[in-house]
Structure formats: C-alpha cells, structure tokens
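Two complexes, one shared chain (chain A), two partners (chain B, chain C).
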Partner chain A sequence: MQVKQILQLPLELINDVSCKQEIKDVYIGDLLSVVMAHGKEGTLWLTVQKHLNVVAVAQLLDFAGIVFVQGSYPDEETIQKATELQIPLLVSPKDAFALVKDLITLGL
Partner chain B sequence: MKYVYQVEKENYEDAGKASTDIKRTLKTIGIDRRVLKAVAIACYEAEINIVIHSNGGTVTFEMDDDGVITLSFDDVGPGIEDLELAQTPGYSTASTKARSLGFGAGMGLSNMKSVASSFQITSSPEGTHIQMTFQ
Partner chain C sequence: MQEIAMTILDMIQNSLRAQALQIHLWIKDSIKDNMIHIEICDNGCGMSLETLQQVTNPFFTTRTTRSIGLGIPLFKESVEATGGYFQIDSHLQKGTKIIGEYVKNHIDTPPMGNLVDTMITCIQYDEKVNYCFHYQNDDWAFDMNTEDIKALLGDVPINQPEIILWLKDYIKEGMHQ
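Right after this comes the complex of A and B.
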C-alpha cells in the first residue's frame, strides 16, 4: 500500500511530496535509538517526537513516512528538510493505538 | 576514499549530517543494502553520542580497495567513566534536553556493536575513540 492510500484516513499531509512510497511496515516509537534498532525500509513511523532529528532517522533507514500522532506538530525546519528529502510528513489528532486500528482496517 | 566531518557539542540541529552524507555517498556507489543500513545505524549513533556527551569531535569515514569500510569517532573529552556500564543496554547519562528530543535510550553503543563487523572503544578524560569496520 502506498502512502497516498492512507490519506483517506483523517490524516493531514503537511509537506509537498509525492506519497508514492510503499508502506511495508508500521512502527510506533519515540526513543530514536530503539527506532534505529528496529526500523526497516518502507516503515511508516508513528511518533510524538517532532524535532529535526526524526527526519535524519527516517532518511537513514529509508522509511516510507512519518506520522506525528496525538496532535504533535513539527516546526518549519523539520518540514523543509523532509520535503527536500521527499519524506512524507503526516499529522493525526489520534493517539498511536487508535491510528494503528485505522491502518489495520485499511488493510495494512 | 576518505572523508572527515567535524561534530559540535550539543548542536542538535546539525546532528546526523555526517551520517546522512556518508549514507548518500555509499548509496551512490551502489553498496550492498545490508552494509548500507549497518553503516547508517552505527554512524548515526556514534555521531549523536559526540553531540550529546562530548565536547566535540570528528567522524572519519574510509573505504579501502576491497570495499571494507572503517568509521572512526574521536572526541576531545570528557571521556566515559565506566566503559562497561556505558555499554549496558538501557543505561544512559544523557541530559534532560537530549532526552526531550528522543535521545538517551541507552541503546547507542549496543546498537553499534550489534551491526558492526568489528567494534573497538577506548576512553580517557582526554577523549573517547571508537573504531568500527563493516564488510
């Protein structure tokens, strides 16, 4: 499933990217080293962390995209960097558990 | 092939720049994906450690004619008091600021050891030196 297909959920895409990335896995985590250890290529990463470093982690591991959950919203610098690297950034008012239920319903 | 990057103390904005640049270089030359991921993980962890814990240092990337990659990390102190404890998964001395940004899980050194082909660390008050190889 491509990132653009999950946009039918109540998610807001906040940067200008293609969203053609293939989602192969979903991972929830806020500790960057734990995410580094367990994240795989094509992962859709759900987190409340919003600092610029999340983009570095996503880029290093070839993630499909980042979803900022529970109302977390990144700053402009983070958005710019992700756009430059063509990493989709999405925001959701829901918490990670509620969003994962929606993703499973969609077929992930 | 050899590149040296400067890493500044507590510069969280630029943290990860050396790692992402090295990854980009390796991707361009078409290196094996498994090695690429291992280098990316280990390099990022060690680079972040210089930012969080040291007074600044360098990241050195080298690749020899056989494709063996060596990453070296040298900082200027203050050193790690108890190396054995520092390598215990979950143990961290990261600052409140670092933790608020998602660092300080206490997994950095163990992540490096788990992905590198070889791992060496020495430390004194003058600085910490880490060398890893990947093949």
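Right after this comes the complex of A and C.
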C-alpha cells in the first residue's frame, strides 16, 4: 500500500511530497535509538517525538513516512528537511493504538 | 540510548575516532543535587569552530560511509528532554569536552546502566589509550587512572585477559557493586 492511500484516514499531510512510497511495515516507537536498531526499510513510523533527529532516523533507515500521533507537531526546520529528503510527514490527533486499528481496517 | 552507560560508550568511541590518547570521564550521580552529570574530555584532534557549530545537527557527520551522525544529537536530545543541559567545547589539535547533565528525578531520565562494562570495554579496546575515571554519588567516590595501573603492571599489557578480569572486579568493588 502506498502512503497516499492512507490519506483517506483522518490524517493530515503537512509537507509537499509525492507520497508514492510503499508501506511495507508499521512501527511504533519513541526512543530513537531503539527505532534505529529495529526499524526496517519501507516502514511507516508512528511516534510522538518531533525533533529533527526523527527525520535523520527515517532517512537512515529508508522509512516510507512518519506519522506524528496524539497531536504532536514538528517545527519548521524538521518539516523543511523532510521535504528536501522527500519523506512524507503526517499528523494525527489519535493515539498510536487507535491509528493502528484504522490502518489495519484499511488492509495494512 | 536506553542507558546512560551506552551513551557514554558512544561518546568515547567518538574520542577514539579522534585519535585521543587521554580520556577523562567524570560522573556525578546525586540525589541531593538532583542531577546526573556526565563529562567526557579527550585530547583528540578536536574540531574547528565551523564543525563544532554543526555537530549537534544529525545531518552532519565526519564519516564518509553515511551522511547521518546521530551520536551527539541523540545525547543532546536525551539530556534536554529531562530539563538538563548539554554543552560541547572543542579546539583543533587540543581536544573535545562534552558535558551532559540529566535532571535525575525526571521521568524520561534513562537508567545509568552498567558503567563497569563501559569502562572495561574502553580499556581493553586499545592499550595505548589512558583513562582517568571519576565517579561520585552522595555517599562515596571512586577514582581510577589507567596510567597508575600500567605503572604497576610494568611490561604486561593492560588488556591481557587476566588483567581485564582483575580490573573488572576492582572497578566493581570500587563502584560498590
């Protein structure tokens, strides 16, 4: 499933990227070193962390995209860097568990 | 990093990559002052002011194998997430000093982890490098300088298995474990 297909959920895309990335897995985690150790290529990552470091981790592991859950919203520098690297950034007011249920309903 | 000891190991790896031969590690773990103060000071190649200004940016690294370096950015983020402070000073050909101070009772402050293993891993990595280790909490302090130990050992290399085993017990005892 491509990132653009999950946009039908109550999610907001906050940067200008193509969203053609294929989602191969979903990972939930807020401790960046643990995400770095376990994240796989093509992962859609759900987190509340919004530091620029998040974009670096996503780039390093070739993630499909990042969803900031529970209303977490990154700053301008983080958004800019993700746009430059063509990493989709999404925000959701839901918590990770509720959002995952939606993703499963969609067929992920 | 899930443990402070792992973060320290990561920072010391940076020092070793900078060809440091003398590394000071200073730790104060105090309930009274509500802080965990970590200080790593080396005599490695140091950094220019320009490099220093970029080093907390994850998209900056001196490595050529990949374009992202997260060691220092993650340490800084981890410390600041607890309301603590991070500081890095460096001078070319002189060395680098990194200070990270966690607020001890903050819920996001990671556990200390195994400092004995961190020290032992460092000491056995390269016998030419000297470590000056200081740890203190509210009740006691422990100091160790590998130069003193090397003086006692004479020609016997410090990273020989028997010596390492002895050192491990010595540090454990010093750390009241």
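Please note the rule applied: the second predicted complex is superposed on the first by the 108 of 108 C-alpha atoms of A that agree within 3 Å, B and C clash if a C-alpha of one lies under 4 Å from a C-alpha of the other, contacts with A are read in each partner's own complex, and residues count from 1 in each chain.
Operating definition for what follows: a contact is a pair of C-beta atoms (placed from the backbone, for glycine too) under 8 Å apart; a residue touches a chain by one contact, two chains touch by 3 or more.
Please read all numbers here as calculations on a predicted model, not as lab measurements.
Chemist: Put the two structures on top of each other at chain A: do chain B and chain C fit, or clash?
Modeler: When both complexes are placed onto chain A, chain B and chain C end up clashing with one another.
Chemist: Could you tell me if A:Leu60 is touching chain B, chain C, both of them or neither one (first, second, both, neither)?
Modeler: both
Chemist: Is A:Gln70 contacted by the first partner chain B, the second partner chain C, both or neither?
Modeler: After superposing on A, A:Gln70 lies clear of both chain B and chain C.
Chemist: Mind working out whether A:Leu52 is in touch with chain B, chain C, both or neither, as first, second, both or neither?
Modeler: In the superposed model, A:Leu52 contacts both chain B and chain C.
Chemist: Counting residues of chain A touched by each partner, does chain B or chain C come out ahead?
Modeler: B
Chemist: Just chain B (first), just chain C (second), both, or neither: which does A:Gln80 touch?
Modeler: A:Gln80 sits against neither chain B nor chain C.
Chemist: Quick check on the superposed pair: does A:Leu32 touch chain B, chain C, both, or neither? Answer first, second, both or neither.
Modeler: In the superposition, A:Leu32 touches chain B and chain C alike.
Chemist: When the complexes are fitted on the C-alpha atoms of A, one of 57-65, 147-155 or 165-173 in chain C overlaps chain B. Which is it?
Modeler: Among 57-65, 147-155 or 165-173, the clash with chain B belongs to 57-65.
Chemist: State which residues of chain A lie in both footprints, the one left by chain B and the one left by chain C.
Modeler: On chain A, the residues that contact chain B in one structure and chain C in the other are 31-34, 36, 51-53, 56-57, 59-60.
Chemist: Can you list the residues on chain A that touch chain B in the complex?
Modeler: 30-34, 36-37, 41, 47, 49, 51-54, 56-57, 59-61, 77
Chemist: Show which residues of chain B lie in contact with chain A when the two form their complex.
Modeler: 12-13, 15-17, 19-20, 23, 33, 37, 40-41, 44-45, 48, 101-108, 111, 114
Chemist: Can you list the residues on chain A that touch chain C in the complex?
Modeler: 31-34, 36, 51-53, 55-57, 59-60, 81
Chemist: Over in the complex, which chain C residues touch chain A? Could you list them?
Modeler: It comes out as residues 1-2, 6, 57-59, 66, 68, 70, 73-74, 77.
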